[in-house]
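Report on the following structure.
Chain lettering (A, B, C, D, E and F) follows the sequence in which the chains are written, and residue indices restart at 1 in each chain.
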Amino acid sequence: MPEQIAATLIQALPYIRIFAGKTIVIKYGGNAMIDEELKKAVMRDLVLMRLVGINPILVHGGGPEINEAMKKLGKEPEFVAGRRVTDAETMEIVEMVLTGKTNKSIVAHLNGEGVQAVGLSGKDANLLIATKDTDNGDIGFVGKIAHVNPEIIHTLTNGGYIPVISSVAVGADGQAYNVNADTAAAALAAALHAEKLILMTDVEGLYRDFSDKSSLVSELTASEARQWIADGIVDKGMIPKLEACASAVEDGVPRAHIIDGRRAHALLIELFTDTGIGTMVR
Amino acid sequence: MPEQIAATLIQALPYIRIFAGKTIVIKYGGNAMIDEELKKAVMRDLVLMRLVGINPILVHGGGPEINEAMKKLGKEPEFVAGRRVTDAETMEIVEMVLTGKTNKSIVAHLNGEGVQAVGLSGKDANLLIATKDTDNGDIGFVGKIAHVNPEIIHTLTNGGYIPVISSVAVGADGQAYNVNADTAAAALAAALHAEKLILMTDVEGLYRDFSDKSSLVSELTASEARQWIADGIVDKGMIPKLEACASAVEDGVPRAHIIDGRRAHALLIELFTDTGIGTMVR
Amino acid sequence: MPEQIAATLIQALPYIRIFAGKTIVIKYGGNAMIDEELKKAVMRDLVLMRLVGINPILVHGGGPEINEAMKKLGKEPEFVAGRRVTDAETMEIVEMVLTGKTNKSIVAHLNGEGVQAVGLSGKDANLLIATKDTDNGDIGFVGKIAHVNPEIIHTLTNGGYIPVISSVAVGADGQAYNVNADTAAAALAAALHAEKLILMTDVEGLYRDFSDKSSLVSELTASEARQWIADGIVDKGMIPKLEACASAVEDGVPRAHIIDGRRAHALLIELFTDTGIGTMVR
Amino acid sequence: MPEQIAATLIQALPYIRIFAGKTIVIKYGGNAMIDEELKKAVMRDLVLMRLVGINPILVHGGGPEINEAMKKLGKEPEFVAGRRVTDAETMEIVEMVLTGKTNKSIVAHLNGEGVQAVGLSGKDANLLIATKDTDNGDIGFVGKIAHVNPEIIHTLTNGGYIPVISSVAVGADGQAYNVNADTAAAALAAALHAEKLILMTDVEGLYRDFSDKSSLVSELTASEARQWIADGIVDKGMIPKLEACASAVEDGVPRAHIIDGRRAHALLIELFTDTGIGTMVR
Amino acid sequence: MPEQIAATLIQALPYIRIFAGKTIVIKYGGNAMIDEELKKAVMRDLVLMRLVGINPILVHGGGPEINEAMKKLGKEPEFVAGRRVTDAETMEIVEMVLTGKTNKSIVAHLNGEGVQAVGLSGKDANLLIATKDTDNGDIGFVGKIAHVNPEIIHTLTNGGYIPVISSVAVGADGQAYNVNADTAAAALAAALHAEKLILMTDVEGLYRDFSDKSSLVSELTASEARQWIADGIVDKGMIPKLEACASAVEDGVPRAHIIDGRRAHALLIELFTDTGIGTMVR
Amino acid sequence: MPEQIAATLIQALPYIRIFAGKTIVIKYGGNAMIDEELKKAVMRDLVLMRLVGINPILVHGGGPEINEAMKKLGKEPEFVAGRRVTDAETMEIVEMVLTGKTNKSIVAHLNGEGVQAVGLSGKDANLLIATKDTDNGDIGFVGKIAHVNPEIIHTLTNGGYIPVISSVAVGADGQAYNVNADTAAAALAAALHAEKLILMTDVEGLYRDFSDKSSLVSELTASEARQWIADGIVDKGMIPKLEACASAVEDGVPRAHIIDGRRAHALLIELFTDTGIGTMVR
């Protein structure tokens, strides 16, 4: 009913006011990037954010599509400590899939909703500079973000564009590096002095006890997050996400969120309602 | 529920997009200016409009408060053809009430909602220039809008302020004139190249047959409006409103609306839902 | 004679140069606001100031007109320690008279001289924020300036407008407060980093001995002013004016003047001739 | 020797002056995109162009790399009338290779030379809009440029970036289309009001008689080009290039060139010396 | 007396308003350039003009100083039809005196009054382009203004500087030409869309009958001026001045004046009083 | 050959990049200002510098032309410690020659090459303020630079003009002073935060042993320069040049050069090749 629509808009008012003119970096991934209905909902959430004056920045990876492409080419994906072993041939596939396929598909979907999106990889304008990550031994062209050059993002957002960034970084020598998309999003959020980092996942959030779905943690500090990881009580799959959140907060981002991308319009719910969803690190 | 909130925002999306950056002139009056709940709802509607990039411009009269002040001063309000007979003393009261009381009350309410409003009368920066209206004989300082100088409005909206304008105009000699607020709003809408003129009233809209509440006219053209008035089938109280709408449309305002200000959030419902409310002249 | 005109302009040259681009806050009041000839002279002085590149800002009260309106409404003005006892009804009258009548009359006069003036009250854009003044007990809605938000003044002067401000301030709750116009002018001068504060009065200036017209003080420092007041040698009517001057100077305004508004073109004489008139606090 | 260096710079002076501030669209391809030495020379030519105030815009295809990728995936490239038969799977490969690999390799090379390059496909900000090309029957997702939205290019060049564009366009529905890079470069040159279009090829230019290398045509008009094609005297491989040049000139680009990319620094020689190289259409 | 000063400023007010923001080109010469008192008066007039928002542009010749320099160097000044016979050596002297001495003396005087003046010759930024004037046979490097490049003047006035221009123009080959300062001022006034051209002379103005000092013509049209010259009734010395005025008016300058520079503050009297002095061509 | 031209441009690339957007102050003098071929080469070097984004500022003296003019006027040039004895008459000649002849000749030559040059003396906009130099007793109007007002230079370079400045300064009283051009250039370089100061001379550079041409010093620090002068091992003619360089470096100019203006295109060789020429102070 029209009255309810109006009432809802008015309920969202204080949140719209808070975020107007702010930058929000979103790691887009999981089911929200696969399910057609969810994908469409995300695109519209981004359009709405832009219209109420928010600058959304999208960062994405694309594991499933990479695996599929590798298999077509007869290569078996291999992982060490959750990171993809990335020889030169694999890196080429990663880059082609993420930057040439996944990225442009998101861009085309956003443009279809009437905004203007521009896709970038970390190579463009030297946006994401990486060094080789040898934390797990030499597993090839796997990189750590060493530096972010955010100027191109400002150029694009000032021009009214939504930037969409694939998680490929560049080394000093022009070599492409495969970087974790959560980590890349965190680094970008810090470099852009973003108001929020939001990681879209396929879980509800962080559980105090992973086997007990009622133990969802709605809020913790960055130092608590670091402690919990050190104490070994964080589920392995959640560690890099929680680390990304902690690191963004440590670098000055006021709030970082892990939200459930399987829920339609999770972004709007997080931003514009007083329902806290997922887990917030601050 | 959060999902419904999100869904509602998404429903409003296409409308938000259409009006972003546009100017909408609103004649504020009737119950919406008297009832405390309705007043608050209007203020929030204006704040939301501003946040999604609309430039709302408020024009108001204030008949009941003028009458009340006159009575306190022992003067009996007198009307000819619906226009207040306005001798010099009455004009002074009109101006003090509208510009010194009603206007500033609206300004303070808006500021209380966190936006920045600035109140003006038609004297400020020669915004509304009037000549004496003698259509009903000499009934004193009753004026017709002869010219609008809209520069001050642009200065204020560019500075991020919401202008609130009392229906007092100024003659060539600095004399104040009492002008009809609907007409003043129409003239402003035309001078500002507004996207819409909205007149808030205490009726649902225009009825084909005033005694039959089911005969509400949802849409008509400016020339139809002129014809209906000429044909004598428009209720007397509605004539100046319908004329204001027709004249705004004839001067290039795409759409002019008569809406029911007794309905909470009537502005948002008109702007952001597909429910046509009231009567639209185009 | 033309030669004398030219010679005069040349004499004013050094003063014009000094004040070009500077802001000067003027408390307008007394006979200069009542006598038609004096009023016209003040308006022209302001126009000239604007043309030679000065930003004049006008602040006004309007005691006599308020008293007159109160009497018409059957209310007897009452004062405690020189401040008007201001119950809710009185406050409404004060606001209507100052903002709706006096202010707009000044605006119309200025516009009639070919400049563009815009009238404001302290409510507009939250220009003057007040808290209740209880120095003399509870005498109603009498306020002290707690904060000035000068942005709207910059917006207007950058747009080429002369701001005219009535001495009505606003409390945190939107409540109107009656504030002393001299004090409001001093607070504005400080907030605007004005070059000068000029208070127009109906006396020649400050006398060392009020009964001896030859004891006019042409210059004193802010701390001397404070001392003289403490020593009880300042005439009661002059105390708030001298305090306003001292406080402006203490807050960084280089010079504050009390001048005789009964003298035609007192503003120009003060600004553009080497004749020191009135009393200067520095 | 230093004196010769200086003398050379001075010889280039008039040409530098002519092109300062101008946009030049370059179709990059052939050996110049494969041979490492030539590639490096092109990158430096572009850097120099940028430093002397030219806005170079790079457009590229990447036929050999697409063929290679298809073969790895067990697909046999197929052509009709010189256009690649492009089923959905092939289109995905084309897009991944051009936008994800070739484009980013060029970007990284340019950035390695100290400028700031940004890679785009025609999908980004809806830069290149295509409709299906059925001139040779239905050969799949092969497109014709229907419209160019050049705003993103202006945003990037104003920001100091060199845009590098892959020849992938987008249909109304978000579908990717494989477009001819020469044609895309011509359409961009027209939309950007470029001073020049330069097509880098692996031949010296257009021959009057393809079997006689001494019959190189150094200059012809767009209408002569159209006539020669109609007369059947243009070598088949050269027809799309000559058509691209003619169409750019017809759309207002002053000069279009077919130059030999196998020659090191062919771009600088064309731009900054009085040696006419290749074939110019005007 | 202060009151008179103020009254005078107010009398000048309407004139100040008319000329604010306007460009006025002044040919400075005659006694006003020689007599120390008059010189000082002119400098102050210019400073005042600048302070009230006028853009004064000064053009000067310097016949007497040239003659003096020539005599020191043993060369006898020679004239044909009032134009100086200008061989190469004479041209060098003319340029050195006008640009190196007279011009810089004026600049230093203006700067001494607290404004910022910049001296130019017609060679600077190719301000005044001349062709050889052979109307009186070959009398050497005597030129006619063929073109004005006014951009440098806008750069200087926008920067707040007063331009002072010597009447030396430049030919296509870089050769200096001696041009008439009245004519140069007229050409500049037209190219700058000046509001006024003012020629300072040593006569009261144009006389209908040169022998009858009571026959001063206060106003005539450009076509009347042309007719009078054709009719032979204009004094020979006045012809080039009247022609300069007529030509400025024909090229769009609203009013051109011949005024008596021997009168102190003649510029201010002309601009800021209602006393018409000299002769006006319109 | 075209390939060599291209190769040369590419060699210059790194140097062009370093100096883009930087200010370089050049003292122009010696044979490079007399020999027609050298003069033309310098002009073109300046044009090229401008085209590749450098802001060149030219400062010049003109001893030989002054001597020549003095002789024509029957005055014998006289020097004390290398400084010209400058009585009032001599000062007038100096100013006329430098500002009226030499300066405008350089301006016309530059304009002939297609750039826009504007000539100034230190009097214009009070660019160079001097006090009397009495280091060698009273030798007349010989000045020391006391202050530089560089705003006019920024106005001109922002407008795209090349400033050309004669070595005449102005005293507090408007009096012209003859200043050393090397010293003036050094003071300007410091005031403009220039990247380089280049003094063009008629020697190869500084020799450790003036009689041994193989002892050219290619580089020394400012403090070494001061020490060498104190130690008396610097050739007398070179002392003011070396002092100018040292003083510029001490005031923050990164590098100051003494180069041989007799060599064609010495400026380009210094700036754009890796051949160090002359002597560099840093």
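Here is the rule we use: a residue touches a chain if its C-beta (ideal position, glycine included) is under 8 Å from a C-beta of that chain, and two chains touch if they have at least 3 such contacts.
Going by UniProt, the chains are A, B, C, D, E, F = Acetylglutamate kinase.
Everything numeric here is computed off the predicted structure, so don't read it as measured data.
Q: Please state, in steps, how far subunit E (Acetylglutamate kinase) lies from subunit D (Acetylglutamate kinase) along the shortest route of touching chains.
A: Each step joins two touching chains, and the minimum needed here is 2.
Q: Counting only Cα atoms for the centres, state how far subunit A (Acetylglutamate kinase) is from subunit E (Acetylglutamate kinase) in Å.
A: So the centre of subunit A (Acetylglutamate kinase) lies 70 Å away from the centre of subunit E (Acetylglutamate kinase).
Q: Just curious, how far off is subunit E (Acetylglutamate kinase) from subunit B (Acetylglutamate kinase) if you go by their C-alpha centres, in Å?
A: Here subunit B (Acetylglutamate kinase) and subunit E (Acetylglutamate kinase) have centroids separated by 58 Å.
Q: How many Å are there between the centre of subunit A (Acetylglutamate kinase) and the centre of subunit B (Acetylglutamate kinase), using C-alpha atoms for each centre?
A: The mean C-alpha positions of subunit A (Acetylglutamate kinase) and subunit B (Acetylglutamate kinase) differ by 46 Å.
Q: Going by the contact rule already set, what residues in subunit D (Acetylglutamate kinase) reach two or more other chains?
A: none
Q: Report the topology of the inter-chain touch graph, choosing from line, ring, star, complete and other.
A: Basically the chains close up into a ring.
Q: How do the chains line up around the ring if the path leaves subunit A (Acetylglutamate kinase) toward subunit D (Acetylglutamate kinase)?
A: Chains encountered around the ring, subunit A (Acetylglutamate kinase) first and subunit D (Acetylglutamate kinase) next: A, D, F, E, C, B.
Q: Under the touch definition given earlier, write down the residues of subunit C (Acetylglutamate kinase) that touch subunit E (Acetylglutamate kinase) in their complex.
A: 2-13, 16-17, 20, 41, 44-45, 47-48, 51-53, 114, 263-265, 268-269, 272-273, 275, 277
Q: Touching residues of subunit D (Acetylglutamate kinase) toward subunit A (Acetylglutamate kinase) in the complex: what are they?
A: So the residues of subunit D (Acetylglutamate kinase) in touch with subunit A (Acetylglutamate kinase) come to 69, 72-73, 92, 95-101, 103-104, 107-109, 111-112, 116-121, 123-126, 151-152, 155-156, 159, 161, 168, 170, 173-174, 176.
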